[in-house]
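Please go over the structures that come below.
Note that chain A is present in both complexes that follow, paired respectively with chain B and with chain C.
Then we have the complex of A and B:
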């Protein structure tokens, strides 16, 4: 029973990590909270659904959705975020409000274009449910684990083993000095957006497959839960975000299964966040002092 | 090599540089001295493209770079050692150096330059895998200088190299600056430590509240009464 719940929790946790990764990458470079990532998650789930139903291939659904939503991210960065941030003395609330607006637009656009009713993926897996002793493993969970691992490995490789990733980390550390070194920091931002929105899109599709249900309201819960996860992970720290996502997944599953605490599941992330802020305000992987 | 013509810079409503003109000739070492808040850092940041002037010109080898984006300036061979060092704290020493060589495409040249800076500052070589944030102020200053050297710069702009360092470290830094200049790198230093800055320089400018009030050879400035009283403690 315990092992079963743990597997369950890690599945949900890795989805959370992937969902919040975009916001983390964007915060790391631009220092803004891009709530619109939850819009990318929603739009990604729908784009993936349409491609899947048009082509019958879920692989194409994933690739197409990641690519298209990633490009949408770059488009939004170039047309909305960068112009706002280029204005002198921009208050940090302004890009946040823009992001909330974009998220609202994305939800309503999906409702108008795709209709208010839910859609189902009905994905047929070429394998049966795996039974190991008393533990059941759904094929969808394996898909989520494997894909999350692959995407995070790609992210790790780009950030740590490529010149572009080095430039990204330098830009996240000190944008002005990165500029002086010759980094076109616009490209580092673009990397954040294409990866961030692409990851959110993948997470949206996986959520759709896991629950076999997508609706225009899909982005609502992630839009705020994402905040708890990225703050918990130390704002702008990719590794911290993975750990925070898993912690929230575990906390949600175990608190709702093993305790009788009468709070809704989606509020647990914030209970964890509040405890964390009291104990270690800089987040799991954050630093106390910014140098 | 570098010429600044009638430069005006404002932060919002406040004008901080009121028409600065100065020149740094090829292979010269020029110091700009002046009190805190005179606009020294602003001057250097404008040359690097981090601050946009309201009017005036920055010429580099005769080319007008006033409106050139900041990230294109290192490609011209201009290295920058910022005030407060500003090493990339979460990057290792070696990664910091690689960032300094970001504009270089030739891998062999990068390796050569890295070997060279490890030779100048052996301490960095011993700590190349360490995060920059874990190093002392002096070591970070060595790293900031080395990062700029990774570019094989033709010109170096150095902002307050002595700030917050132990006296022995200050001497080391100025020795290195002098040596680099002897090797043919043109250098512009802005510095509160007027004594050290004028000792190594060929020429100097005195910047006060956004105006250049004096300019002469470094030797004459050191003998100048007002400079002695105001900046050399004499």
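Then we have the complex of A and C:
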């Protein structure tokens, strides 16, 4: 059972990393805890579902949803977050409250537009479930591992090998100095939102495929659990977020299965966070150790 | 000057109040209004909410097409509680304070219903709960009835099914950590301990209603050597239990509850739903005229498959209609009539009688999913089990 549970834990951990990556990228550059990213996760799952059912192609579902939700991210950045942050001496809680409001609106909008009932992806994989002894590996899990790896590789390439990525890193390091040095910080912020919301959309679709079920409540648990993951990861550090996602996944599975810990599984993320912050207050990876 | 203004305001207030009262009196003579609430907008209960409101509307539509209650048309006053107890309390206060409302049907879960029940009891308003399983619902007082059996009855029946019909010896229990789950798990274990000591509970895990990932829980149930999983979950989680049992190739049968009696479970679990046993109150293969007529009418009206929730709501209205046809809309008269009902034919089988707590006594149906449809597997009709007074 141990090996099966380890695979279960790595699967859910990878999904957590993918889910929290969007909010990490946005925090990294703007310093905003963007709860609305959970709304992008929800909207992305639904947009992907509609495209999949309209075209019959899950690839188009992913690409279309990532693009449309990414553009939605830029729109929200330009019309809501940037104007708020442009005001002098803006309290950090104001964009957080705006993000909470956007998340609430997104949940209700999805419920009103798409209906409160579940929708199912019913994706047929071109391969069977792999069984080795008593251990099984489901095709959806392989897709999660592959998607997480590909998206993180793309992210690494953009951030480290492109001019836009250089601008992102410079802006994330110190926005004012980057601006003085001629870096287009607006483009860097837009990159954060298109990547951040695109990642969330991909994670939403992946969750819908994994559980064959999406509802307007899909974003509720990620809206708070992703906070634990990005804080644990070192606030705005993509690599830290991947490690934190895996740690939370492993902790949830093993503590709930092997111990009689009297707290809900969803609360384990915060227990791990508290313990880790007591030991290492800056999170797993400090801001100086970005990808 | 101030006194004059105050006097005018008071007079205006009295006139408006009198006009409103007259309006109420007129409306009262036009229709019989029945209050109703269900979790229509709650994402975690949306399929049940939809079945509930659809069936409430169907019941009212059909009774009106057949001439209403002794010639008076029925009007549905429906609310969405969103599976929120605060919202349910507000709705209950509003319905309880409305003199036009002759009686109320709860089409909601135990949480909202047990919050609403004492409010109606205190206000002297009669309520029939369609399918809430918590004993506190009917425990609120003599004006509160349930047309279905409480959770303890269903779970005790499930223990009999597990031990005698499914021949289980090692049971893993996965349950939603709410009243719905804990009430039934306790009754299930109590029955096993009392009458089937050879049947062991080898694994037991509660899960939050928000938890959609049950992979590791199902793995652990399999590793514990279970030969039956008793899943006391609502349809979304029950569907995930079935999918994981199937995809992890565990080959363990699953016994569910009425929470898994939903067309949405079949839609989510797909082929993995086959082989699921459930205890419920609806037997779709019952050739009873009421049952088959309801199934046909529901399919024609909504183009969907009916389920236990919808059928129970429909039946709760039939109980009220029967009372109103016989004794009118006086609350005390309705209460006495319902309390004395015997062998009343409903969509969910024969309602044998109401016990002193206001719970319906009726056989427990056992359904088996085959080829993506719920079908008859068996029935538990032992009087010692199906009467909640015996617990």
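A few comments on the model shown:
Quick note on the criterion: the second predicted complex is superposed on the first by the 286 of 291 C-alpha atoms of A that agree within 3 Å, B and C clash if a C-alpha of one lies under 4 Å from a C-alpha of the other, contacts with A are read in each partner's own complex, and residues count from 1 in each chain.
Definition applied: a contact is a pair of C-beta atoms (placed from the backbone, for glycine too) under 8 Å apart; a residue touches a chain by one contact, two chains touch by 3 or more.
Treat the numbers as computed from the prediction; the structure is a model and nothing was measured.
For the composite obtained by overlaying on chain A, chain B and chain C can both be accommodated side by side without a clash. Using the contact criterion defined above for the overlaid structures, shared-chain residue A:245 touches neither chain B nor chain C, since it reaches no partner. Of the two partner chains placed by superposition, only chain B is touched by A:89; chain C is not.
By the touch criterion stated above, A:64 is placed in contact with neither chain B nor chain C.
In the superposed model, A:13 makes contact with neither chain B nor chain C. Annotation: apex chain A, arms to chain B and chain C, angle 150° (C-alpha centres, rounded to a multiple of 10).
Contacts of A:215 after superposition on the shared chain: chain C is touched, whereas chain B is not. When both complexes are overlaid on chain A, the residue A:181 reaches chain B alone and has no touch with chain C. Taking chain B and chain C in turn and counting the residues of chain A each one touches, the greater count comes from C. In the superposed model, A:204 lies in contact with neither chain B nor chain C. Taking every C-alpha atom of chain B against every C-alpha atom of chain C, the smallest gap after superposition is 38 Å.
Of all residues in chain A, only 88-89, 163, 166-167, 169-170, 172-174, 176-185, 291 touch chain B in the complex they form. The touching residues of chain A, counted against chain C in their complex, run 1, 4-5, 8-9, 11-12, 111, 115-118, 120, 122, 129, 131, 136, 138, 207, 211-213, 215-218, 220-221, 252-253, 256-257, 264-266. Those residues of chain C whose C-beta lies close enough to touch chain A in the complex are 40-44, 46-47, 49-50, 177, 205, 207-208, 210-213, 215-217, 219-220, 222-223, 236, 239-240, 243, 247-249, 264, 267-270.
Taken together, the chain B residues at the contact with chain A in this complex read 12, 48-50, 69-75, 80, 82, 86, 88-91, 95, 98-100, 102-103, 133, 147.
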